[in-house]
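Okay, here's the structure, questions in a sec.
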Amino acid sequence: MLSVKNLSIEFSRYGSARRRTIIHPVRDLSLDIGDGEIVAVVGSSGSGKSLLAHAVLGLLPGNARTSGEILFKGTPLTSASMAALRGRAIALIPQSVAYLNPLSRVGRQVYRASRLSGKCRATAARSTDRAFARYRLDESVKSLFPFQVSGGMARRVLTATATAGDADLLIADEPTTGLDPVVARQSLSHLRELADLGKAVMLITHDIDAAVTVADRVAVIYAGTTVELTPARNFADGALRHPYSRALWNALPQQGFGFVPGNQPMEDDAVNGCIYLDRCPDRTGECRCAQPLRPVGKGHVRCCHAQG
Amino acid sequence: MLKAESVSFCYDNTPWILEGFDFGVGPGEVVGLPGPSGQGKSTLAKVLAGHLAPQQGAVTCDGRPLPEGVFSPVQLIFQHPELTMNPRWKLRDSVAEGHTPDAAAFKRLNIEPAWLSRYPHELSGGELQRLALARVMSPQTRYLIADEMTAMLDPNTQALVWDAVLHWAKANGVGILAISHDRHLLDRIAHRVDESFAPPGPTPPETTCRAAA
Amino acid sequence: MSTLARTPALAERLGITDGRGRAMWVLGLCLAYFATLLLAAAFMGDAGLSTDFPNKKLAPCFEFPFGTDWLGRDMLVRTVKGLCRSLGIGLLAATVSSVVSAALGTLSATMGKRTDAVVTTLIDLVMATPHLVLLILVSFACGGGATGVIIAVAVSHWTRLARIIRAEILQLKQAEFVMVSRKLGRSPWWIARRHMLPHIAPQFTIGLILLFPHAILHSAGLTFLGFGLSPHNPSIGILLSESMRHISTGYWWLAILPGLSLLVTVKLFDVLGNSLRVITDPKTSQE
């Protein structure tokens, strides 16, 4: 469905006064999502996860330069085709009701999302009803304003908005942040249902626990680079191959709550060799060479020590 | 002891968010406060830190009301550090607004000196949160209120930040109130978990909208 | 989405490939235009303003780019002098408005609920009165003439800016970084100086610049309607109202060229204000 190959994004930014610097928030990011699959994109804040979503939706600001390829159903995405697909074949599940129009009733907005995806009035009304039924939202919820729905209901409304238009690829940006565990689980189970209907879901999150429970595969992003792309069960099975993926998992409070000191490279640092070099406990001389993302076992890893 | 005694608070023309609420954190104690969002935990945090004045009741720190116009012994750390930094200031100035941390504090929080000469929009949330902590980890701080302090951070940074904060709190006898929806985290860090906001027994089915209530 | 074509090196070197570089250039060009206008008015002398019957009613030509009127006066000189006069009125109105709006906006946001209610009611009152009616009333009450126009324009344009300042201060008072600063022991005066002023100053400057076009247009409008400046001094309003008598007889340049100059001048102030916003807003200054 979606295939991102060696995506890099750079911005020119003003430092002091007129001096411009080039920053690389995303460097050589690759992943793919198949039909009926949830791929979780995990990483720290500032690792370029959200920029990936913006790049796929064609929402990068004007001063961004990209290289690499984004293929949707086998065809490369251009800025024109992204604008055409956005909201139709590719939909964003927003993070909070702050993304909805505060002055328009909820039912109206789901209907409008459906209309904007190119449906006629009757079909749009039907798919609005279907979306409301699917997420067990009462008929009366339609006449509420966004500020009147809270917690779990808000998540369902947002999911309904994104699914009223029959998109094939759904991008969920941090759908569990700030939610209590019950609501978070519900929100994730909706994503699972969508994937089971054959849709492709990109789940952007820093919540490893959630990602591992619901996703089929997980892409671990570090400083804008894919360091590992692996089946989700490898986390719990202890079969992770990149030291950073292992560090993330072991740092969970319910695991070891241990941490690796140090910081990811800054966006304007030049990186040759391995991107994780400074912090890696197992580094050797070989790590100074460029590290390609290579298939190991059932996944892909960017580490020269990883073995099948 | 940081104490809230029968505190009630509401915003203009809204129902009480906190009503006759009692709460306390001792020196050197780490108290966990779990519970679903929208129940007033963040309001309690702001009341305890003196950002909001309660309509009824009082907040006292070691027996005295919270002082005004001086460095407060009760400091609050928010979920979104980028909002707590003036976007037009270099981070060196933002940190110095609190106190000037020594190199050891920076090292413990894994803060790179290079960050200080940058602006807030050039750093990530995890980096900014550590600078926000460095700003308030002064000897004058007696109580730290962490309102979802690490909810936006990845597990590795979360563990790193809590390690530094707990180490500092222990060394200085600082009391901590940790507000989080992550039970596992609270079980790790807290000496005692306060259930005031947690639903009793098994979690009830999801409540409906506020308008219908 | 393959690698984007690299923009030509010249554009890169001039810095017009990004929003901020473009805004800088636009800003420079606007300022150059206003400087030219002022210099031209200073060096032109008054020769073109005296009657010169042999050269009356000439269409635009090389010697008289804007043509001449029925008394043989050089329309270019009259237009330039008229625009300068308008700029002067704009400056005066902007200065008065800035003082009034800064004072009222700050009072409203910092002195408690009752002051706020009084000031906001006053703002609403001034804003709710039809603008032109208010202008005419004030100008009439002040005895008309140049003084009348200046006073009328000055006392009727501060409302929008006062509102912006009030809203900005109220928002900043609630901003988390200001709350934190207070708890770090900073005094209200220190916070006002270090946190709030740097935020409000650019907003204020931009609001002020965007006030110019209004003031200029309204002074021209009042004069056009006959409430304003004396016909002996060149001013855009007078030029336009005089030209009304001649436009039907084919002397198009008497109306079109001064009118277009007014439009360009006003538009450039707008552009100037917006470029300044792009440069000073941290959100857009990076693009």
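As written, the chains take the letters A, B and C, and residue 1 is the first residue of each chain.
Operating definition for what follows: contacts are C-beta pairs under 8 Å (C-beta built on N, C-alpha and C of every residue); 3 or more make two chains touch, one makes a residue touch a chain.
Note that the structure is a prediction, hence the values are computed from the model and not measured.
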Joint neighbours of chain C and chain A, given as chain labels: B
Chain separated most widely from chain B, comparing mean CA positions: C
By count of C-beta pairs in contact, the leading pair of chains: A-B
Whole-Å separation of chain centres (CA-atom averages), chain B against chain C: 47
Inter-chain centre distance, chain A versus chain B - centres from mean C-alpha coordinates, in Å: 28
Residues of chain A touching at least two other chains: 13
Overlap residues in chain C, where contacts from two or more other chains coincide: 286
Of all residues in chain B, those that touch chain C in their complex: 49-51, 69-72, 74-76, 78, 80, 83-88, 94, 97-98, 119, 121, 135-136
Touching residues (chain side chain B, partner chain A) in the complex: 35-38, 79, 110, 112, 114, 122-127, 148, 151-160, 162-163, 181-185, 187-189, 203, 206-212
Sites on chain A touched by chain B in the complex: 13, 42-47, 140-141, 144, 148-153, 177-183, 186, 206, 208, 247-249, 251-254, 257-263, 266-267
Residue ranges of chain C in contact with chain B within the complex: 175-177, 179-181, 183-187, 195, 198-199, 282, 286
